[in-house]
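Each in C-alpha cells, the structures are laid out below.
Look for subunit A in each of the two complexes below; its partner is subunit B in the first and subunit C in the second.
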Partner chain A sequence: MTSEETVAVPTGDRVRDTRSGRGARRRPGPPGEPRRVAYLYLLPGFVVLTLFLLAPLVYAAWLSLFAWDGLSPGTWVGLQNYVDVLTDPTLRAPFGHALVLVVFFSFIPVVLGLFAASLLTRSTVRGRGIFQAVVFVPQVIALTVVAVAWKRILAPDGPLNDALRAIGLDGIARGWLGDPSTALVAIGLVGTWLGTGLCTVLFLAGLSRVDRAIYDAARLDGAGFFRETLAVSLPSLRNELAVALTLTMVAALRTFDLVYLMTSGGPGGATAVPAYEVYMKSMRQGDVGTGVTIALLLAAFIMVLTVLVNRIPEREDR
Partner chain B sequence: MRTSPLERSVTIVVLAVGSLVALFPIAMIVASAFVSDNPNETGIVWSNLSTAWDEGHFSTYMRSSVVVTLCVVVLATALSCLLGYAFGTMRFRGSSVLFYVLLLGLMIPNEAIVVPLYYQLRELDQINTYQALIFPQVAQSLAFGTFWMRAYFRGTSRELVEAARLDGAGHFRTFWSVLLPMGRPAVVTMVVLFSMWTWNEFLLPLVMIPSNEELRTAPLGLTFFSGQYTGSPSLLAAAALIVALPMLLLFLVAQRHFIRGMTEGAVKG
Partner chain C sequence: MTVRAVKKPVLAVAVAAVSAVLALSACTPGGGGGDDGEDAKPEDISTDVASMGDITLDVWDQEVRGGQAKQIEALNAAFEAKYPNVTIKRTSKSFDDLQKTVRLAITNDDPPDVVQVNNGRADMGQFVAAGLLRSLDGYAEVYGWDERFPESVRSTASYSDDGKTFGEGTLYGMAQVGEMVGLWYDKQKLGSLGIEPPQTLEEMESAMKAAKAAGELPVQLGNAEAWPAIHDFGVAMNQYVPRDDTRALGYGRKGASWTSDENVQGADLFKSWVDEGYLTPDFNAVPNDTAWRDFAKGQGVFMIGGTWYQADLEAAMGDDLGFALPPVGPVGEPAVTGGTGLPFAITEASEHADAAAAYLDFLTNADAMKVIQENGGLPVIDGDAASATGVGKEVITAWNKVTEEDALVPYLDWATPDMSDLLGQQLQKLSAGTIDTAAFLDTLEKSYTDFTDQNE
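Let's look at the complex of A and B:
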C-alpha cells in the first residue's frame, strides 16, 4: 500500500479520484467492467450500516426537535434545542472546553512530535525502533486504564506532587483534578501524553520517505536544526500532518472516558465537555432533546474540521 | 552528513525522556499491582491479581469482552472484505454516492449514534444484550475496514485477475481463492485494529449494558471496580493491569501492524 493510497482520511481528493477513475479506466473485462453483482457484495455491509449508523443518525435529528425525558411522550419544540445549545452559556461552555483540549491533545503533540521526529531523522542513533514502539504504547491501552493511572499521578499525594515537593515547588503542589483552575489543563496533559507518541511515529514514517539529499542541501546552505525542521521536514509532511491533526483533534473533541472517570465534569463544571454532556443530559438527567442536539452539533463540528484539515495536503498540487 | 556530538547527545536525551514519560504511568500501575496495600508486607506480592480477578468478577467481564471482540472482529472483517472488493475492483452505478455514505460513517462520532440507538433498541427490548454491543461496533468499524480493503484490492494486479478469469474463476472465486489469500497482511492489520478498538470501547457498553452484570465488558467492569476499591490502590492497579494486558500482549506480538494501521491513516468514527 503506497502513501498515495493512504486510506482512511476522508479527503475530497479521494472522492474525486474515484470519479475520474471511472472514465480513465474504461477497458474491457473485469475488473472495471460494470457489474450488477457488486450490489450483492455491498448488501450485508450496507444493511448493518443502515440499521446501526444511518437510522440512529436520522432518529437523532428527529429527537433533537423534541423536549423529551426519555419516558413520557415528548413535546415538539422545533429548533428550540439548537437555539438553547448555541445561546445558553452553560450549554456552550463544554464546547469551549473541548477547544482547550484540542490545544493539549493536538497542537502540542504535533509540535513536539515534529521536533522529536526531525531530531531523530537528523542523527542516526541506536534504539530508534524500540523508541517508536515505546512511545506508541499509550495508544493501545484502554482509556479507562489510562484514567486510573493518571488519576493517581495527579492526586494530592501522587507522584507529580511528590516530584514538585522534592524540587522545592511545594507552592504549586495541589490536587490537580480537584482545583477548578487546573482540572481541564490536567485532563489536557493526559491528552498530550496520549498524542505525542502517535505524532512522533507518524512523522518519523513520513520523514523516512524524504530524499536525504534535500537535508544535505539544506545543511550545506547552513540551515540549523530549527530552520531545517520548518523548511524541510514540515513541508514534506503535509499528508502526515493532516492525519495527525485529524486523529488528535477528533480524539480531543470526542473526549469522554477521561472526563467521566477522572473528574465527572467537575469541579463545578470546569471539565464538562460535549460528549460528557451528551451522556449526562440524555442518559442521566432526562433531557434527551438537549443531549442529542449537543451530539449532532458536535458531529457537525467534527465533520467540518475533518474536511478542513484534510485540505492541507491538497495545497501542494496547486 | 554527520551531526554534531552536542546534537547527538540532545537526541539521546530526548529519546530517553520520551520513553520514560511514555512508560511511567504504565510502569507505575504494574509496580503498584505487585506490592501489598499493607505497609508491613514487603516484597513482590502475587495475590493482588488473583484477589482483583475474583472480587472484581473479572472472569465474567473478560469472557464478555472476548465474546464481543471476537464477534465484532469476525463480522466486521468479513463485511469489510466484501465491501472493499466491490469498491476496489468493480464498476457499478451509484458507487460514488455509496462511497459518500461510507465517508459519513468515517466522520460521525460514536457519541452522536449511541443515544438514539439506545432508545431504538430499548423499544425493541434489546438493551442488556450482546447484540446491542456487537452490531453498533461492526457498523462503526466498517467505514475504516472498507477504505482499508478497497485500497488493497485496488492495488492488486489486473493481470492476475485476468488470468484467474481465463482459468474459469468467477468473481467470488477470484475474491476468495486468489485476491484474499494474497491480502493477508492487510487483513491482519485490520483485524488487529478492530480488536483494539472493540476491546477498549467504553461508552457503548456503559450505555447499552445498564444493568446486566453478566455482559459487562472489562473496561466497564474496571470502572465499577474502581468505584468500590478506592481504598486499595494495589488492587485497583491489579485490576487495571488485567484489563490492559490483552492489548499490551497483542501489541508485543503485532506491533508492526498497530503502527502500520495507525500511521497509514486510521480514523475511526
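Let's look at the complex of A and C:
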C-alpha cells in the first residue's frame, strides 16, 4: 500500500543518538527499537491520511457491496458487483482498453524517450535546448486543449485526412475517432505524443549525471549507438525509468479527459476505459455500486503495477 | 537519514478505522435520503402567493440558449413583478451540465425549490423512487393542469410513486415547450431536385436516392456523441412499429420486446440507409455541432432532428429552412418521437412548495405560452400557427397535428436507466458493421428484459 511507504519514522539510529547523553532515562527494550512516543509523532499525518484517504477508501469498499442508485436506500448484494465487473464482457472490456493504452502512453514513450535522450547526449546538437523545450510542451498544455486540438486533427475533414488525401492516400483517410478499429489507437497515439517529452526530459536529466568517461570507454571497446544505449545509458537510468514508467502508466490507466472529450467512450464502446465507466455508472446511470467497484479494482490494479515498477530501482541498491 | 516503513501500526489503526467507519455507516447508503412525506391535499394548498411573506425561490433551469433564455427571463421578471415578495434565485446551466450536477444538488441538505429534470428513468424516475420530488397531483387539481395539458403530454412526466412505472400515475413535472423529432430540410435543394417533402417512406427513400444521384448528401448526421443517431433510428423504427408497441418500449413496460418482426424491419431500414450512403460519411466521427452547422451551410438535403434545432438553424438558413413531420411508413399510422422540453419539478424538501407551484403555473399558463412562441419556442399547448412566422409556422402546425392525432411516442432511450448509452453505443456498432441487426436487437432485448424483470 502506498500509505505504508509514505508514512515513515526515524529508525532507532537517530532516536538512540538523542538519548545517548541521558542514559538514566533509557528504558529497557531491544536495541534499535524506537520509543513508543515516536508513534505520537505520526498522529497528525495519520489523521490527515485517515480523513482524506483511508476513510474514503473504506467507505468506497463498503459502497461496492451495494446496488445503489446514489439516491434511495441501497440493497446489499455482497460481492456481486465484483462478480459482475469481472465476468461481464462489457464491463471487463474497458480494462483491456486501458492495457492497450499503457503500451501507447507508457512503453512507446519510454523507448522513444530513451532513444531521443541518448541521441541528444551522444552528440552536441545545435539548438538542443529548443528541442528539449519543444518535446516537453505537450506536458504543459492542459489536457482539455490537447483533446480538442487532436479531435480536430483526426476529424473526417481534419488536417490529417487532408494531408493523406494530398499525397494520394485517399483509401486510408477516415474518421479516425469514429472507426472502431482505429479510435483506441488514435487516442493511444495522442498519449504517446504527450508522454514522449516527459520521458525524454527525465532521461536527459539522468544521463547528465553519467560520467562521460564511461561512454568513452564503451566507444573504445567498439560499442555503437545501440550497444552504448543498452549497456551504459539504460543501466544508469533505472531510477528515471521507474519514475517515467510509474507516471506514464498511471496516466494511461486513469485516462478520462481524452476519452471523455474525444470519443465519449465510442464508437460502440471501443474506447471505453475504466475511469470513464466509473463516471458513467456512478454519475450518469445511477449505478453507484458498480461504478465504485470499477474504481476500486482500477486502484488495486494501479497499485500492483506501481509496486512492480518500483522494484526496478531497488535492485540497483542491493 | 534512514527511514523505515512502519507496517504493523498502520495496519492496526487501519483495521480500527475500518471498524469505526463500518460502525458509523451501519445504515445502508442513501438511507437518510428523502422521505415520502405527505403530499399536498387540494384543500391545504394556498394559491395566494402575495400573502406568503418574503420568499426566495431557488430555481435550477437549463434555458440558456437564445430564445429559451429570453422567455424564461421575461417570465421570471413578470412573476417577480406580480408578487414583489418573491425573489427568484436562478441558476442556469446547459442541459449537459445540469444533468451532471442536479443529481448532487437534489440530494443536498438544502436543495433548490424548483429543478428542471430530464423525464427519463435515470433522472426523474430515480428521483421519484428516492422520494426527492413532490407529487403535483394536488396542485394539478387546484390549478386545473389536467385540463390544460393533454394526457400524452402529462404522461411524459408521470410515474408511479415508487418510480417503477413510467408514463402513468402521479404527475411530477410541468413542461413549457413541446419537442418532436422531424425532418428538417433545405427548401432550395429539395426544390432544385424537384421534390416535395416526403409523406411516405417510399417518397422519402426515392428523395434520398435522387439526392444521392444528384451528388448531394441526402441526410446530414453527426454522431460522435452516439445519441444523435438514436433519432434517425427512431424515425426508421416508426415506419414499421405500431405506436402502442413503441410506447410500451419507450416507457419500459414489461412484456414489450425489441425483437419483434417490426423492430427487425425498422433496424434493417436504418442499416440500409447507412449502407446506401444516405447518411454523412464517417458520421460516427462527426460531432453533432459540426453536423447541424454543416447542414445550415448547405451540406445535406435533410437532417433528422428535434425541434430544439429550430432557433439555431433558422438564424443561419432563414427562409431556406423547412420542417416536415417524418413520413408515414408501411405501419399506416403516423408516429412521431417526442415529448416535452424538460419539465419543471418541485423538490420534496422545498419549504416553499405552494409558491413553487404558483411559479410552475405561471410558467405554463396561456400568457406564458404566448411569450414562448414570441421568443421562437414551440409552446407545448395553444401554439398559434397563424401568428407564427418563418419555419415556426410549419413547426407549430406539425406539433398541433401530432397532438391532435395522438401520434406522439416517447423517446426509445427512456426505457431503462442505461438505455440511452446502450442504444447509442449499439447503433454505432451496427452502423460500423461490427454487429448485424440480429445481434443489435438481441443486446437491447437482453438489457431491456433484465431491467423489466427486476423492476417489479
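One rule holds in what follows: the second predicted complex is superposed on the first by the 264 of 318 C-alpha atoms of A that agree within 3 Å, B and C clash if a C-alpha of one lies under 4 Å from a C-alpha of the other, contacts with A are read in each partner's own complex, and residues count from 1 in each chain.
Assume a residue touches a chain if its C-beta (ideal position, glycine included) is under 8 Å from a C-beta of that chain, and two chains touch if they have at least 3 such contacts.
Keep in mind it's a predicted model, so treat the numbers as computed, not measured.
When the two complexes are overlaid on their common chain A, residue A:166 makes contact with neither subunit B nor subunit C. In the overlay built on the shared chain, the residue A:275 is in contact with subunit B alone; subunit C does not reach it.
By the touch criterion defined above, A:156 lies against subunit C but remains apart from subunit B after alignment on the C-alpha atoms of chain A.
Once the two complexes are laid over each other on the shared chain, residue contacts for A:39 go to subunit B and to subunit C alike.
In the superposition on chain A, contact is made by A:70 with both subunit B and subunit C. Between subunit B and subunit C, more residues of subunit A are touched by B. Shared-chain residue A:139: touches subunit B; no touch with subunit C. When the two complexes are overlaid on their common chain A, residue A:283 makes contact with subunit B and with subunit C alike.
Once the two complexes are laid over each other on the shared chain, residue contacts for A:213 go to neither subunit B nor subunit C.
Residues common to the contacts of subunit A with subunit B and with subunit C across the two structures: 1, 3, 5, 7-10, 39, 42, 46, 54-55, 59, 63, 70, 283, 288. On subunit B, the positions that touch subunit A within their shared complex are 1, 3, 7-8, 10-12, 14-15, 18-19, 21-26, 28-29, 32, 75, 79-80, 82-83, 85-86, 88-93, 95-96, 98-120, 135-136, 138-140, 142-144, 146-148, 150-152, 154-155, 158, 161-162, 165, 171, 174, 186, 196, 199-200, 202-203, 206-207, 218-220, 222-223, 226, 233, 236-237, 240-241, 243-244, 247-248, 250-251, 255, 258-259, 262-267.
Remark: subunit C residues 1-7, 9-10, 13-14, 17-18, 21-22, 25, 28-31, 33-34, 99-100, 103, 106-107, 122, 126-127, 129-132, 223-226, 281-287, 290, 417-418, 421, 424-426, 428-429, 432, 434 touch subunit A in the complex. Against subunit C, in their complex, subunit A makes its touches with residues 1, 3-5, 7-11, 13-14, 39, 42, 46, 50, 54-55, 58-59, 62-63, 66, 68-76, 151, 154-156, 174-180, 263-269, 280, 283-288. On the side of subunit A, the complex with subunit B involves touching residues 1-3, 5-10, 15, 18-19, 22, 29-39, 41-42, 44-46, 48-49, 51-57, 59-60, 63, 70, 116, 119-120, 122-123, 125, 127-128, 130-146, 148-150, 152-153, 159, 193, 196-198, 200-202, 205, 215-216, 219, 225, 240, 243, 246-247, 250, 253-254, 256-257, 260-261, 274-275, 278-279, 282-283, 288, 291-292, 295-296, 298-299, 302-303, 306.
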